[in-house]
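Look for subunit A in each of the two complexes below; its partner is subunit B in the first and subunit C in the second.
Up next is the complex of A and B:
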């Protein structure tokens, strides 16, 4: 439940909760800081704030810290936290909500691979209706330096020779209709 | 004969083609008919939910509407496709305004979704009492005694779907039962529900490689000769990036990773070629040997 705060403005926590309108789950104010979410998270070591800390920062209204965090971009969507939370909070859905918010507000770190990858993926689907793995390579292939790039290329060749990588993207028959469907949700310019 | 609308998902046309052919073979042997959804589109994976929620929902809504037109319930072989289709379906059933919004968009493809389709993972179609009985009846000695780690992955179980027992979320056992019905020896694998790293393999390599190492070590410790997966992303990460784990940690894992349908297919007498076995980067020779060699040693 979203509770109106004083002075007619809404708090940062309420703002985040409003991003969750379509999800089930309970208010972040129920968080008891038990850190079960952090203990359940397999990627926690790679986050600048643990899921527990992130919820504490949200509840404390510390917007700048939250928006600068890599935590939600490091979430693998395994839902272990949501399953284990004794209060019924669904941290995995909060992570999704914050990635959307940070893309919308443009607050993410431009050096991170994840935001670029998500947007490339979204664009690919709009072009063909299906995912095409080689199309995402520019988002990450330079990350491992030259040796990393050579390793990726070598693996791609081995996969190609086994018929596991497509040379050209396949597309659905009614891609124009799919684009028209999507355009009724969001202007395509905003995605492409 | 049981019929389903089959939603292969993008990976099964490329990286995981062997999951597709082996699913078809197994379904055929079990008298289950898989009718591919006509002109299906990508489910949005994890990326679309990170960009826009309604966008993520409408991609799935189109697939649901197409299946409804075919008058069949959906099975999806990929954990993420299953979760996305299931989630969008539940959201549209719960929220008539959302359904109306989605249907307004679907009109552009002359489609409408009325909420009548159920969504399952393909494994769920293979663990019904009837299918299990059929597997027990037909299974030969082909994978008898093969020590397999049943790796569920995440989204086949989480987030919890209403009506599913807590025990089936915390510690499901149907995958192990399925392997046992086929004659294999399902080992106790404590990491069976732990994340493979998923798209972090692309977006945060260090994190994903560490998560994979834990899984591989867990499988070795459990004495597994093979890891069986139910998701193309789990399979790709565990198999194709095993060399990356070895490089990062100085280990020498060489654990074969197969789709559960490939093992079932072998047990049901389908030839290895027809199951796509032999396209792996990590050798799967061990499952082709007869009889299955005894494990050299259990993990320390």
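Up next is the complex of A and C:
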């Protein structure tokens, strides 16, 4: 949608859709509010707005409510909603678009675990080429309080006993090649 | 400078677009595309004297991809590109306090958001002038 020199600005919905211009899927205006996405979502009980509500808020142009919502940070990226949407909307892609939007605009809540985790994850991948779970533990193990900590530690022991948890971080071969690939897309300087 | 030059702005942030447009409209005819795909279509359809390009759009650093694509295109190669980015501020979270590497993308000039109106006009005029001198117009 190229806007001529006299035209005004665009709506919040169009702004979100522009973030999705390279993805498949149809316009959010097609949403019929059937809530199939919300019913399919395994993480919906942790969200303050269900995916259906979030799409309604976007279509209504309620930017502040959408940005303050934890819905898109809670999304587990299972893509059940995108699979099941009868109209062909891809809500999971919308969730990703909104996380990017909030990072770029700096509107995300600094107390949330998810943005911090994303940063640590990206950093780990750039250093070693793979995820190293014990590396995240010190930052997040206290999130669930004492019971959460005990739960996590029992899980870690079980994983360790089955050889599913590496104690020493390993590195992929030719990590420099991976870094070169990423450097084509993003400036690496600041991730580390 | 008898006729007004044409400037294309490709940026997905409507507020920022409204801002730089208000500045550039004083001296240029501006056209806006709010995503890289529409921007590319506009470039193919019409000739522009300057492109103002944002970096972080769509799935990621698509402005970078677009700048590289333009440099590979025979017709568009000579068009001056001014990258205006909030990169450092927008994703300070990912890139805290680092300058963008100069070899990162082949553009003529890079400015950081927020832009100074006078500086923007100055840079736009310089880029258009240099490009026209290069092409002998």
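Remarks
Basically, the second predicted complex is superposed on the first by the 169 of 192 C-alpha atoms of A that agree within 3 Å, B and C clash if a C-alpha of one lies under 4 Å from a C-alpha of the other, contacts with A are read in each partner's own complex, and residues count from 1 in each chain.
As a convention for this text, contacts are C-beta pairs under 8 Å (C-beta built on N, C-alpha and C of every residue); 3 or more make two chains touch, one makes a residue touch a chain.
Everything numeric in this text was worked out from a predicted model, so none of it was measured.
In the superposition on chain A, contact of A:100 is made with both subunit B and subunit C. Of the two partner chains, subunit C is the only one that A:10 touches; subunit B does not reach it.
In the superposition on chain A, A:77 makes contact with subunit B only, not with subunit C. In the superposed pair of complexes, A:111 makes contact with neither subunit B nor subunit C.
By the touch criterion defined above, A:119 reaches both subunit B and subunit C. Within the superposed three-chain model, A:18 lies in touch with subunit C and out of touch with subunit B [touch as defined at top]. Considering which of subunit B and subunit C touches more of subunit A, the answer is B.
Put simply, subunit A uses residues 22, 100, 103, 115, 119, 122, 185-186, 191 to touch subunit B in one complex and subunit C in the other.
Of all the residues in subunit A, the ones that touch subunit B in their complex are 22, 42-43, 45-46, 73-74, 76-80, 82-83, 90, 92, 96, 99-100, 103, 112-115, 117-119, 121-122, 125, 129-133, 136, 139-140, 143-144, 151, 155, 158-159, 162-166, 170, 172-174, 177-178, 180-186, 191. Across the complex, subunit C meets subunit A through its residues 12-15, 17-18, 25, 29-39, 41-42, 56-62, 64, 86-87, 89-101, 104.
By the touch criterion given at the top, residues 1-5, 7, 9-10, 14-15, 18-23, 100, 103-106, 108, 115, 119, 122, 185-187, 189-191 of subunit A touch subunit C in their complex. Considering their complex, residues 10-11, 13-17, 39-42, 44-55, 57-59, 62, 91, 95, 98, 101, 104-111, 154-155, 158-160, 169-170, 193-195, 197-200, 202-208, 210-211, 214, 240, 244, 279-281 of subunit B touch subunit A.
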